[in-house]
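Below you'll find a set of structures to go through.
One chain, chain A, links the two complexes that follow: it is found with chain B in the first and with chain C in the second.
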Partner chain A sequence: MSLPLSYNLRNLAVRKTTTIMTALGIALTVAVLLSASALVEGLRQAFAASGHPLHILVTRKGSDSELSSNFARSVFNEIKFKDGIARTASGEPMTSLELVTVINLPSVESPDGANVTLRGLTPVGLEMREDLKIISGRAFTPGRREVIAGESISDRYPGARLGQKLTFGRGDWEVVGVFKSPQLARNSEILCDLNQAAGDFERNEVLSSALIRARDPVTLQALINDLSADPRLNVSARTEKEYYDLQTSSGDLVKFLGTFVAIIMAVGSCFAAMNTMYAAVARRAKEIGTLRVLGFSRFTILLSFLIESLLIAALGGLLGILLVLPLNNITTGIGSNLTFAEVAFQLRVTPALMAQGIVFSLIIGAFGGLLPAQNAARKEILSALRAV
Partner chain B sequence: MSDIVIVTRNLNKEFVRDEFRVQALKNANLEVRRGEFLALMGPSGSGKSTLLHVVAAMDKASGGEVEVLGQNLVGLSDGAIAKWRNAHIGFVFQSFNLIPVLTALENVELPLKLTSLKKADRLRHANTALKLVGLADRTGHYPRQLSGGQEQRVAIARAIVTDPDLLLCDEPTGNLDAKSAQEVLSLLSQLNKEQAKTIVMVTHDPHAAHFASRILYLDKGELLPEGQVPEDWRLPATGAAPSAHQ
Partner chain C sequence: MRYLGLIFKNALRNKRRSFLAISSLAISLCLLGTMMALYYALFFGGPGKSQARRMVTRHKVSLTFPMPIYYRDQIRKIPGVKEVVTLQWFGGVYKDNRDQRNFFPRFGAEADRLFTVFADYRIDESQKTAFLRDRAGCIVGRALAERHGFKPGDKIQIKGDIFPFDLDLTVRGVYASDEGDDENLYFHLTYLEEALRNSGRSFAGMFTSLAEEPGQVARICKEIDAMYANSSFPTKTESEYAFGLSFLSFLGNIKVILMTICGAVAFTILLISANTMAMSVRERVREVGILKTLGFSKEAILGMILGESTVIALIGGAIGLAIAYGLCAAVRSGPGFLQQTKTLTIQPPVLLALLGLSVFIGVISSIIPAWNASRTTILDALRFTD
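Let's look at the complex of A and B:
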């Protein structure tokens, strides 16, 4: 009972300039939304891929991040030998006391400097990060003022490249290696010896966190419950994955602003689509009258004009996707509101995001096309036929 | 099936434009028999197109009754009228009203989209209709690639493709040159005689009316009795009213 799709497609081709202009307006709207979403998705994937499934991160109670956590060495000694903690090959408990702070480094994009996470850890802590691979140079030597830099940091901060010297704490630190980890958040850190860093920052007794590896998933939960419930320790324990998931909130503001701008642009695009479709209805009034005389119902006419609007919108959606596709896999950085340091990650334009862009454009098309389509369907046959 | 195709009884149509009331039809009583070719003539504003539009259910009467093919059109819903029109009425417009973005074949196929016919059958019917109007070699042409006469013949093919019981033509030769008009009128006459189509044609043109088997005149909204001609309606050359072709 519907009009052939070729009728709509050919009408769009006939007025190709207005079709393309309207579609471009929708494309820009979709591109803004997808850019913000690609950024958040990249951030989400970076943090979602981080964290060992058996790792527990312990911070002082009430601290959402390691940076704001004051974790006493004495507490670490209390929990180090708890039941259920995995052991290294040499029989040591897999627990790592760590110091997390930020240092300021000039980057390619910010010559005035940006905050970068510095993590001091023990050899066991390094051993617990077995997925971490040194891709150039070597690991730092405990007791020496040496650091290794994550690949993202080394790429973006010239001072953190192999062989360079970084100045923080009480003096210079040599970059002796660059590492890479499939856990993307780790690539945005600089690692060094815990005791050396604690001395430089005068935090020998009050550090940041403890990383613990449970023996298995069952003991993981038992350990978390045990640590969280112990009032003497006054600590928060959560899985390392949960901790990184929390950090995805760093992209919330970007997502909010992107969505806000996209919605304002979408309203404008709706009006553009509406204008185009009203013009189409006015131009084809006689055709509408003829179709009604041939027996096509008001609903069929409404549907046909709505489909036409949706086709313009879908074209806009596709163009919008094409506009943002070059952003896919581009590495960028964002300041985390939890760590106050930059996290490097790649923008991700995923198939799900593309589908979201198409749906968004179709919503614009539906809102923009509905009133003109209703106008077409409500036309009386004779007045439509008499239109010039 | 009844022999009477169209019956109107005391049909009235009043238009209200701003503060003015215009009586377009006054108590029109009309009967059209199956197989007739009726020409409705009259001066501009006499109500002939209005009568045609009411019969085609494109407009509603202000009063009176109208029954077409046994169907009382008063009180039918929009959807029911659209279905009925598609199944029983073929309409030919003065300015052809083809869909410019569709080819001749697609234009003719269009009314069949509302039937249960499959695509192949629809195309077969549309090709047959185009062949009947002598345009079998123009199926892929768009309206802009056809002459006025050819466009009107495509429009006639579109009007007859559903094999309607009644063909309504509103000034079908009004936009055509003499030669094309002759071809279109011959085609309508052929459809009336060979396919037994009942045709009601509104026209200004006495020559066109000559192709009909009966001529009725309207004057100031009144349908005049058969044989009666409006006072001021005489052929310029002869002073006589046009006569129907028998």
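Let's look at the complex of A and C:
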């Protein structure tokens, strides 16, 4: 026979100040953990949604990022006619030679400037990014000093808004359009004409990378193997998806910091919960004695107090979730470990994260409640009844 | 003051509760202490003695663009500039870069000027001479040397990625720094120049200059940038300290993150402490009635309860600080690319702020129950059953 849950609920309601204070302490702990996880989750989603499944990114062998890759035009010309490459409507191979670098622009958050990725590409490269939509202005004209900026960039960097001029290379570049792509990482880039940029930077022969679209998943793997194995080319080939996955680790530091702080706070909250529960046990000594006289077993009493502690913790967990919910969809930027530039993304408080928060709070409740519950269960009937 | 004994006795009446309260306060305060120490080091710490005289010049567009090599001599002629060294970031891969520890800065530099500009570097004279003599030699920072077990005579190979060749280096010396800047590898810039002879690229990635006096840094920075403002390679010059901090924003909005964590922790402590005191006072209402009957004044009772909670909070704070010292030491010895974390410790202002906060929490958390208890009439108090 177990004690009804309403017994615990009423007890909590009677001591509402203590209950709420303990729960709030747990709520803040959960909130710290969840904010860090929301950031990492947002970053993961941003990169998970990026990259075309049939795209292969080719860089110089040993280069993990496009930025540190020096990719010769002659190598590109050899790759261009490999088997298994998809063709555009006009019959050209879907291969795009690209130049990637970073430029420093003042942003809303850091007026001293943050790094932004600048990518030079050819009309084919633009065609291969078919999900990219110009939302205002127009596309850049090849051969001119014009750029188009991703939505996240033009939102966060006043210098990259439509009609503004950016200064790099040998002069001013006009922002003629703003684009948006469902591939979130793309929105953090500025695009311009490859040859114009290569001329400005004196990098006509040495560019950064090549993007290739395979005809189908089978040729995709064959192409990757073919490219990586060719000693003359001396290149690394990986899927575009894989490249973006690597960048998710950019949030590692924040994740580590958040988890570390949350765990230490959890230990503190555990002690606080223990204190609350010990007080509850001490105050209800007589009651416990009465329950024992009525025939409730020691185990039932242990369980009942443990449940009470878990209830406080669950309330804390719920409050914690409420605290972090406003963070959902807030846009922020973090430096990517691979591109050396800022990637904008949105914090995500997903249902899975919420569940994680509840579990975390229940763990605190369980540790905090176990000893006091044992203490309650061990009380001798007579001494318990005699207590004042 | 004469109630001090009573206050201590009261704090110990429920040992388990006091122990739990002190533990949870200590844990939260140690966290707060570490975070505040970090915040202080990053945003109030200021540069070290020799770092305060250094500034960094880079291409205005971004670090990835090179500047003409002759800028070095032009910058050197600016009044107040003592010496300039060219630093070229090599990038590259040591062993396998999936392991974070294999990532450390590697710079090509003019070896003879390096030690003048980085006045905080200490190196054995014989090692220094050995490095200057060997064009394929390199020196490594002490922290880096300890992490990878590098010692003079060891061979290091760095595979090139930005540069189209590999570096084959021999460790010639280990340098130490008074200011925590001991994670770099430096090799001879001439090694790079020779390997790149045919490409004709100018490759000064950045210039680090040393001013004669820290006070001149701001003026020199402006003069350098003004000199190249209208050239095809405009520059951006800032103090080395500001340059280092600009990498912080790369990790996300650290300032806001640290502030939020500190706020959440401080509020949690307040809750824990207030809760404990409320419970402790409620248990004791009858006793307050007896004290009053014995002639204790309202103020004395108020003071005793406030005092008890302050004593508990201060003990928790002191233990927390001791743990925070330990945590700071752990952070110091951990790998970090920020100089500031290498000398992380609890500075006196942080120490004072934390102890002040402990007292504040002790008082605030018990003020309401103490006030109520002191105002309960003797009759009500004696009649009270919990």
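By our rule, the second predicted complex is superposed on the first by the 388 of 388 C-alpha atoms of A that agree within 3 Å, B and C clash if a C-alpha of one lies under 4 Å from a C-alpha of the other, contacts with A are read in each partner's own complex, and residues count from 1 in each chain.
Assume a residue touches a chain if its C-beta (ideal position, glycine included) is under 8 Å from a C-beta of that chain, and two chains touch if they have at least 3 such contacts.
Just so you know, these numbers come straight off a predicted model, no measurement behind them.
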Chain C versus chain B on the shared chain A, clash or fit after superposition: fit
Which superposed partner A:Thr29 touches (first chain B, second chain C, both, neither): second
Which of chain B and chain C A:Tyr7 touches, first, second, both or neither: first
Chain B versus chain C as contact partner of A:Leu385, first or second or both or neither: first
Partner chain in contact with A:Leu162 - chain B first, chain C second, else both or neither: neither
Contacts of A:Leu303 with chain B and chain C, given as first, second, both or neither: neither
First, second, both or neither for A:Val254, with chain B first and chain C second: second
Chain A: partner with more touched residues, chain B or chain C: C
Superposed model, angle subtended at chain A by chain C and chain B (C-alpha, nearest 10 degrees): 90
Touching partner for A:Thr290 - first (chain B), second (chain C), both, neither: first
First (chain B), second (chain C), both or neither touched by A:Asn70: second
Partner chain(s) touched by A:Ile363 [first = chain B, second = chain C, both, neither]: neither
Minimum C-alpha separation between chain B and chain C after superposing on chain A, in Å: 11
Contact set on chain A toward chain B in their complex: 1-4, 6-7, 10-11, 13-14, 286-287, 289-299, 381-382, 385
Parts of chain B lying in touch with chain A, wherever the complex brings them together: 53, 56, 58-59, 78-79, 82-83, 85-87, 91, 93, 97, 99-102, 106, 110-111, 113-114, 158
Chain C residues touching chain A - in the complex, by the definition given at the top: 16-17, 20-21, 23-25, 27-28, 30-31, 35, 60-65, 91, 93, 97, 159-164, 232, 236, 242, 246, 249-253, 257, 260-261, 264-265, 267-269, 271-272, 274-276, 278-279, 283, 386
List of chain A residues in touch with chain C within their complex: 17-18, 21-22, 24-25, 28-29, 31-32, 35, 39, 60, 62-64, 67-70, 101-104, 109-110, 112-115, 167-170, 201, 251, 253-254, 257, 261, 264-265, 267-272, 274-276, 278-279, 283, 332-335, 340, 342
